[in-house]
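Chain lettering (A, B and C) follows the sequence in which the chains are written, and residue indices restart at 1 in each chain.
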Amino acid sequence: MTGGPALAFIRQPLVVALVLILALLLLGEILSPGFASGRQILRLLIVAALLGIVAAGQNLVILGGREGIDLSVGGVVSLSALIAGNLMSGSDAGIPLAILACVATGALFGILNGLGITLLRIPPLVMTLGMLGVLQGLLVVVRQGIPSGRAAPSLSQFVTQPFLFGLPGIIWLWIAVGLLMAFLLQRTVFGHRIYAIGSNERAAFMAGVPIRTVRVSLFALSGVFAAIAGICLLGYSGSSFANVGEQYMLPSIIAVVFGGTPLAGGKGGYTGTMAGAVLLVVLQSILTTINIDESGRQMVFGATLLVLMLFYGRGRAMRA
Amino acid sequence: MSKLKLIGVSKAYGATQALRRGDLEIESGEVHVLIGSNGSGKSTLCKIVAGSVRPDGGEVLLDGKPVDVSGPRAARALGIGIFYQELSLAAHRTVAENICLADLPMKAGIFIDREALTERAQHYIALFDGVAGDGFSAATVVEGLRADQRQLVEIMKALASEAPVLIFDEPTSALDRAQVERFFDILRRLKSEGRSIVFISHRMDEIFAIGDRVTVIRDGETVATSAIAATDSASVIRLMVGNEDELAPPTEAPATSSPASRDTLLSVRGFSGKGFANISFDVARGEIVGFGGLHGQGQSSVLRAIFGASPVTSGEIVLDGRTITTGNPRAAIRNGLAYVSGDRGREGIIQGRPILENLMPIHYLRDRLLLASPASLREKAKPAVEALHTKFAGFSHPINSLSGGNQQKIVIARWLIDRPDVLLLDDPTKGIDLSAKADLFTLIRKLAKEGMGIVLYSSEDAELLNNADRILVFNGGSVSRDLTGSERTRYNLYQAAYEAA
Amino acid sequence: MTTAATQQSAGSGLKRLVERYPFLPALAILVVLLALNGIYQPRSVSLVGITGLVKTYLALMLLAVAQTYVVFAGDIDLSAGAIVSLVNVVIIVLMEQWGGGPFMVLAAMGVGILAGFACGIINGFVVAGLRLQAIVATFATSIFFTGLALYVLPVAGMPAPAAFWRTYGGRFFEVPFVFYAVAVLATVLYLLACTRLVTRLLAVGDDAQAAFQSGLPVTAIRIRGYVLCGLFAALAAFCITGDTASGDPLVGGKMTLFSVAAVVLGGTALSGGFGTVVGSLIGALIIGLINSLVYFMGVPSQWQNLVQGVAILLALMAGVMIGRRARR
């Protein structure tokens, strides 16, 4: 880890998120005793891990700048959950093939996104929006014929039951993703190149950074992370059903923003995003705990998101 | 009483003090020239007056009364119009819409009165009748215009404000002679109407042709104001550069050992592309070849094209006996070329990232590294930054914490870890402090002595005269003179630059 | 410099035409799609067929127009669909409560317009006023508006008064009502195109900093863009209410992304500063025609969504690339 002011610089949004998480947990405990119990927190972390893994890919794409954004992650999550369910159909034997197929699918769609964005210079928002439509169509095709697949028992166990030191496997997986992302972003040439193109693409180009390769890789990784999240989601819910992934599209972006990575890219990191994911999940959970109906819950959720956004850098004023 | 008066105006952007103490006093009916080297704070001063930059301190007085220029709209209301150096045009709007953008003529409360709009715009377009060039009309979309035509639109836009105080921040940089003369006619007429005009230009002849008084600004501080009639270009330059002569690199002309005796390292043949045509030159091992001439005559374009950053229509590059193709900077770097841009903000530094990361991209590419271990990278970076006497607190600090000069040193140090064969320098000292310049040229000469071939384009003649073995003077996209040996004088450089322009 | 001048005059007439009317490529796609629809199902290009198409897609056309004004200024509104939902349930509930009389229907619609206006103000305030990122901020407001819609009408299904949907689906002097609506829409859009606001929105989208430095009230202009968006979203809600004849607090949610797609299909640049509302109208119709064509071509039902998705993706990519070629 780099020390000194650099760390302080990265930490700031992270501290904001952690303080907010603690405050919300406290609030939850007051409103509904037992909210912040170990068991509850574990359950929240499992849900946060699912979102957090999707957000890892989203985070990379956004870090790479040039209005990087991946709206197709939700589609990949759904498709991956569906494929995994079909290939496993409730038996452990299908797990390796399912993982392989899902990761390959995620990578394929990510690469297609990346190629459209780099070679044909389609804006990421447009490209991934169009790809979302394709994925949703594919979902209908794949779902056809085979009744909805079921998760392998070990997968469900991995996601929901204690695996090591009382923590479910998915938490360990998320920690591993966190470590991997930190290593990737801080200790690899690839990571430094991501920041370079995100912060100043022109300067990166002049310094010989292979911009297209890096950007295509980012979208490919985003697809892979979404696919992994899809498999885990299957394990979490037991069976795959239509469009389960849609709920991750915009929240994955919000988690990244709450983690201190601005949509403009070039700065931030994944540690903050993990906190951002937890923050979102805790917030949602608190709203389900308190006794208001769905409409009130949504209004409070939307308004709270807006207020929270004020904590994370507003845009530059026109008059500097 | 003066029309406009600025007292001790200051502005800092983060750690960079863009303007320390700006004083300026302008009378009605005068053209007041503001002069200073790049990055001295002229534009910041203008933008404060125009309301688009918020000053940290100081006072603005209009007609003797202190005013708060709270924004561009407030400035217009107060009667201040401005030509922005970087232009403030909407590319997809028409010339007429741009000219009248701030105050579009209306009918029925919400609709644009197209007839009145065209008529009003036509009035200002007519001022440049005959010199605006082909395809220039009220209905033309600005995006399709040439650089000089866009600049004319920005001039017209400033004029359309009909403000008593008009600021022109480098309005002539892309204009041709006829356009400049027409513009000066207009300025003279405005002056006779009693308007106050601030005029910024880097061309001495223009300043003496149109100015009444001149204020010199250096390192963010107003140095002096004097009547144009009572001064000359030499004393103005002396005020601009201050005590630079003492700090500047030794003026003993570099050894003029005949370059022919050395072996040719880089050979560029029949090079043509956007902004330059049929350029040929050789660089010998250990030679510093200077590119001179007025700004924007193709020097930068040639360097960028050699480096693969902009397309080439014809020509070849031979490096150390091999013909190489540089389709992009990556290929150029792999072949042993290096390029340093003077625009370090846009093309050099990676903002917000640690110094170490800013030092490494070339090393990553040339060594095909995958992992970045800070400890070993630091070891490699140390000699490179030390060679340039770079001052910094630690490799992990963000690049933005450094001064402009030190940032540029980091950008140059990038190329010293794995040495290139040829170093292309594209006005590398733009806006950096004097001691950093001195360090830089000491290093450049040392690198040349060690056998590197160097091409140096500089917008400051002194840098070329003091460092280059040979100076190719550019004019209109081709080389008009090749000055070697004792021909390298300021006079020859100046003459060749202006010859056909 | 002289070389640049000759290059420019060599630009083909077609290119200049596309530069002037950026929706032309979309129009070409639309004509091809209409022809294909006609080949596979002749009745689809009859008056009845076209009426049905317009009736179904008028809401999306209006929402695409709404989105366009925001995109002109370089912003985006991901809450547009939620505004449609909100206005839909507001007018349905009011019409139900006030009885279905014609004046009450109009009064309810007036309140619907006000609701759209208010949503636009809120969006403009958070994006331009508070300077939050448009994508995430309007996503947050979309959640808020959806919550509001759920509060007004918790479950879908409340019917619209007959006067309302009969008018929308009906004919006057042998001409379907929706065609009158389209004619009025065309007039309104033409008038709007002549306003100072639209020119200023485009100038802001071109380069917000330059517009600010030129003395434009950039924040106020962007807020007005969102207000226009809210108003047209309300009109879109009227159409969807007329088409579905019922209230549904989630009816517009799926339309948001289609409205963005329609804008891009129409040749408008998402980065702002360049485009036309006509293009967006055509873009919305393209989406509709792709959907119907896939149906008429007899694509097996489970493949229909995929073929639609791929066709829209390809059209989007073509739109972006043709638009860029025209401008460079």
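Just so it is clear, a residue touches a chain if its C-beta (ideal position, glycine included) is under 8 Å from a C-beta of that chain, and two chains touch if they have at least 3 such contacts.
The structure displayed is predicted, hence computed values, not measured ones.
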In terms of CA centroid distance, which chain is the most far removed from chain C?
B
Tell me, please, which two chains come out on top when C-beta pairs in contact are counted per chain pair.
A-C
Taking each chain's centre as its mean C-alpha position, how far apart are chain A and chain C in Å?
30
Just give me the whole-number Å value for how far the CA centre of chain B lies from that of chain C.
44
Which chain A residues reach two or more other chains?
318-319
Would you mind listing the residues of chain C that make contact with two or more other chains?
209, 212
Where chain B touches two or more other chains, by residue:
52, 71
What does chain A use to touch chain C in their complex?
69, 71, 116, 120-123, 125-127, 129-141, 143-144, 250, 253-254, 257, 262-263, 293-303, 305-306, 309-310, 314-319
Considering only the defined contacts, which chain A positions touch chain B in the complex?
2-6, 9, 186-193, 195-196, 199-200, 202-210, 266-267, 318-320
Show me the residue ranges of chain B that touch chain A in the complex, using the header's touch definition.
13, 51-54, 71, 307, 309, 328-330, 333-334, 339, 341, 346-354, 357, 360-362, 364-365, 369-374, 394, 396-398, 401, 414
Quick check on the complex: what are the chain C residues that touch chain B?
1, 3-5, 8-9, 19, 191, 194-197, 199-200, 202-203, 206-207, 209-217, 273-274, 327
For chain C, which residues are in contact with chain A within the complex?
76, 78, 126, 130-133, 135-137, 139-151, 154, 208-209, 212, 218-219, 257, 260-261, 264, 270-271, 302-310, 312-313, 316-317, 320-321, 324
